[in-house]
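Letters are used for the chains, namely A, B, C, D and E, taken in the order the chains are written, and counting of residues starts over at 1 for each.
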């Protein structure tokens, strides 16, 4: 469990990126911070592994005040995945995955074995092990990033727009992969995105943020969609609103669903085949 | 072109390959000045450059220093030090080395600090968030990635030092400059050309060796980036860049 | 210091001579190097050759080149042209590489899009490529300017008076003050030249400053310009 | 060949060799000619004889002070003239067409071989003729071109019979200046070629070795001029100077130039002209 | 109307980017080329303004074979918008928009006026007119790109993934803006994307491409969605398939629609409020 308690961050240049932010992030579920650019999502995330130190308030991980923990050691037990994968370009895939275990003194051979196993976990062909990051596609790079984040078997995994830079098809694949992995591993994942669609897909708990890290609404996707807390949330999911106000038409003899913008949303199946959402 | 024929004849004349004024001696002296200079300058400039590149501190200082050092006239500095130290020609090596070090520092410093700064900030950020210490970030991430640029700095420095070490002869040291400085007052063009040719050949050989080193030390992953056309156009944020700004 | 004051007139006239000897190589070097650099950038086959030749040029000891000039050019022995041509060659050697990098650094997207909106090749060069290569060209030019001003002092060894005279003369007289005066003078000229170029850059490339602030320019090319 | 510096026949372009004394004398010439309404153009620090003779030939300069003996050897290295008068006479013949020498002055400044007092006493050496008899390696210091001159190390062997293998040469590019002096003092060399009018010889108590065989020719100062420019007026002015210039003058002028006063050639020339009440 | 008739393009390195491609692009509607990376979309688009010349076949614009037209002139009458906006970084926004008119000889003042008016059209504040592109956000830059594409009031507008690089919220806004503009101006737009979602939203006619520019299916979005031509199309719209296989559930008393992945797709409105799509 991670708790933010009245946390603020004012950068040296005066920007108040986060203002008195409090929340509890339950263990073994996925919490998504969503908000537009500059709302403080990254800052919040980076405070968890002390890449950024708050200027006010306390952050606790399972009751340890993290400001009392040694940053380097703390970071080594928290997985971190970022948008541009942040892989070391001069190391092969397998070495990238094994970086942190090696830093922590795991034997080379062992670390390599573990890394190869992790490649399986994230759905990467072991044949890619000896390639360099630049020889992979964007989607593959992100998978390596996720594998690296998992390499130390952390309880906590921080993900900062990990799929923001890959094309929509691949992104969708990666999202499914993450859902699958999370079903198996059940980490405490804190996920940052500005894509409300992605937030609703991945989040058990979704935190909608306004500028300054102010919380507009916290809840499950269904709760938020059914009852937007205020106008801001309403507007924020507005781009979705049109698309989520659906109605039924008939084309070519099939029942199709169109959204508020008139766009085709999909084709209606018989209610019997309904599938239930995990979590 | 007759001059070139004469110069080659001179060079291949076996009598010029022996004795204290022989080509091997002069070459060895020249190499020695170059080596001493480059080693000293590298230690100073690369250490400084890595520090500046890693911390981002004193960048303005580095920019200023490289600019100012570049503006220092080699000849002036050389005779100034020679006269100032009043050491006569017995210790001529000292002012010579100082002057050459001054000459070698700007490219080395620029190469190393801009090399470190050209490393993608996100890579460094990722390394830090994985739990690397600052020292590990420097040695395991920044230095290997900056190495080609650092070596590039060494290359420029070596080229300049080899070409300029000729001035050592002006304050009566040896080296290939001897041929030039001795022949200059008597307008012995052949010998001047001999000096110039030997210096140029030496520079090329050294440069060739360094190019090979550079090829070998480009991290394989970085080489892959260079070779993939898609990435080639993405300029790195090597903002050290504005070095001259 | 008193020596300086007593000889201000001579120092000034040497300074003026120094400045005059510096300007031509800087300007000529730039004007000649840009087209050569563009050529090397445009036709990749020529690139290796051009850059190698420039590298070679740069390794020739300057003194040797200066004294060889009358033989090569058929000029008179004390003709300032000898020094000017030599320094121009060095300026070109330094500048061509930078110019090539400068054109390299111009975003291919921008070039494509300017072609797409209907720039012909000629206009595209003058209105798009050249101005966009500007910041890197300028960085290179500033390096060339500084090094040329410093190299002009070598003229003193072959009878071309500039501030280098103070070096040879002070050396023979065992007179550090005089030499130091020459050094300081040379550095000052270099600094003034640099400032002038800096302000010319500000005037001609107002957008580069903005770009600098947003950190978008092709930095790596400029690094090369500076490490050269 | 067009003479750029002297298209106006009343403009005389005066050069000076690459050392101070030459420059002082050249300044004397220049100021005197200017005082007589002749336009002059001054080009200092041209370099050594080989360079400025070429400069005279190609018209870069018209006039330069020179020294009789070395000049003779330059034009005719087989000449066997010995006395000052013989040398001057031979020189007038040897000077190529288009150039001429005007009257020579009494002032003389020649290369001279100097040793420290200590060396002189330990080895009993006061003359070049003594060198062949001692058993000490001779390290000669002097300008680089000395190595090629007939009166250089070669001359010591040919004229004074010093075994060539005993002589080594250290080039010092300061025309017998401070570095040469320093080298002699600290033992880097044990014989130094220093111009006879250099104040440091006396200051350091060096012993100038006698030259009974006239290895080093008399070196009277005289103007070497382009015949086209040698108008009667110019000749008259320059001859008047030569009539007054003495060796003592040279020593004094050099001392003021190199000693603490650091007087510049221009000022020295002015003082000398005023002193001699010329023009 | 633009017609491709058996058009092929083989690049000098041997890549066959487009193989015997034929299609008719009707005037005053939007045709979207969609396909994964490398399928030849950009190549097809660039053949229209002769940035790339086909190695086989003919392209006609309103019956003119474009290979007979002068490329520079042709380009000046076709608007072009690309992913990275391709703005000239050294010119201000208004100058960028006015670039093509100025090239074509329109008076400076006039061109500027027109450019400002276009900024209104694409929803850019005129206050931004004198900024440089680097001072704008990605979304604003794309708007400038669109404005520039419209500046010559072209009949044809080519757009190559114009919104690929901006974040999803902004992208959605830009898409809406483009729909609005197109409703007003009714240009012949050829739009390239690899986002099937975007293709279905913007295209009146959607062309799904396989490698080599081979056409997998052409049709309206509804036609394609209702009857995928083959397995390829089916797979290609596969990521969408799940999301478009909708079913109805009840949450918090409201009828919500969930998709095949179990994700909330939206909330069902009464069929009465159905809106019809502008075609």
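We adopt the following convention: a residue touches a chain if its C-beta (ideal position, glycine included) is under 8 Å from a C-beta of that chain, and two chains touch if they have at least 3 such contacts.
All figures in this text were calculated on a predicted structure; none of them were measured in a lab.
A.B. asks: What is the minimum number of touch steps required to go from chain A to chain B?
C.D. replies: 1
A.B. asks: If you apply the touch rule, which chains end up adjacent to both chain A and chain D?
C.D. replies: Touching chain A and chain D alike, sorted by label: B.
A.B. asks: Looking at C-E and B-C, which one has the bigger number of contacting C-beta pairs?
C.D. replies: Taking the two pairs in turn, the one with more contacts turns out to be B-C.
A.B. asks: Could you work out which chain's C-alpha centre is the most distant one from the centre of chain A?
C.D. replies: Result for the farthest chain: D.
A.B. asks: Quick check for the class: compute each chain's Cα centroid; which one is farthest from the centroid of chain B?
C.D. replies: The chain farthest from chain B, judged by C-alpha centres, is E.
A.B. asks: Where the centres are mean C-alpha positions, what is the separation of chain A from chain C, in Å?
C.D. replies: Going by mean C-alpha positions, chain A sits 52 Å from chain C.
A.B. asks: I'd like the Å distance between the centres of chain B and chain C, where a centre is the mean of that chain's Cα atoms.
C.D. replies: Taking the average C-alpha coordinate of chain B and of chain C, the gap between them is 19 Å.
A.B. asks: Measure off the straight-line distance from the CA centroid of chain B to the CA centroid of chain D, and report it in whole Å.
C.D. replies: 41
A.B. asks: Averaging over Cα atoms per chain, report the distance between chain A and chain E in Å.
C.D. replies: 30
A.B. asks: Please output the residue numbers of chain A that touch at least 2 other chains, ranges allowed.
C.D. replies: none
A.B. asks: Give the residues of chain B that touch two or more other chains, as numbers and ranges in rising order.
C.D. replies: As it turns out, chain B has residues touching two or more other chains at 82-83, 181, 184, 187.
A.B. asks: Mind pulling the residue numbers of chain D that touch at least two other chains?
C.D. replies: 47, 51, 54, 178, in rising order.
A.B. asks: Dump the list of chain pairs that touch, please.
C.D. replies: A-B, A-E, B-C, B-D, C-D, C-E
A.B. asks: Of all residues in chain C, which touch chain E in the complex?
C.D. replies: Checking each residue of chain C against chain E gives 107, 109-110, 112-120, 123, 128, 131-132, 134, 205, 207-208, 210-211, 214, 216.
A.B. asks: Chain C touches which residues of chain E in the complex?
C.D. replies: Against chain C, the touching part of chain E is residues 46, 49, 51, 72-73, 75-76, 80, 82-91, 99-100, 103-104, 132, 134-135, 148, 158.
A.B. asks: In the complex of these two chains, what residues of chain B are touching chain A?
C.D. replies: 120, 122-123, 125-133, 136, 140-141, 144-145, 219-222, 224-225, 228, 231
A.B. asks: Considering only the defined contacts, which chain B positions touch chain D in the complex?
C.D. replies: Contacts found on chain B: 20, 82-83, 86-90, 169-172, 178, 181-182, 184-188.
A.B. asks: State the interface residues of chain D toward chain C in the complex, per the touch definition above.
C.D. replies: These residues of chain D touch chain C: 4, 15, 18-20, 43-47, 51, 54-55, 58-61, 174-175, 177-178, 257-258, 262, 264, 266.
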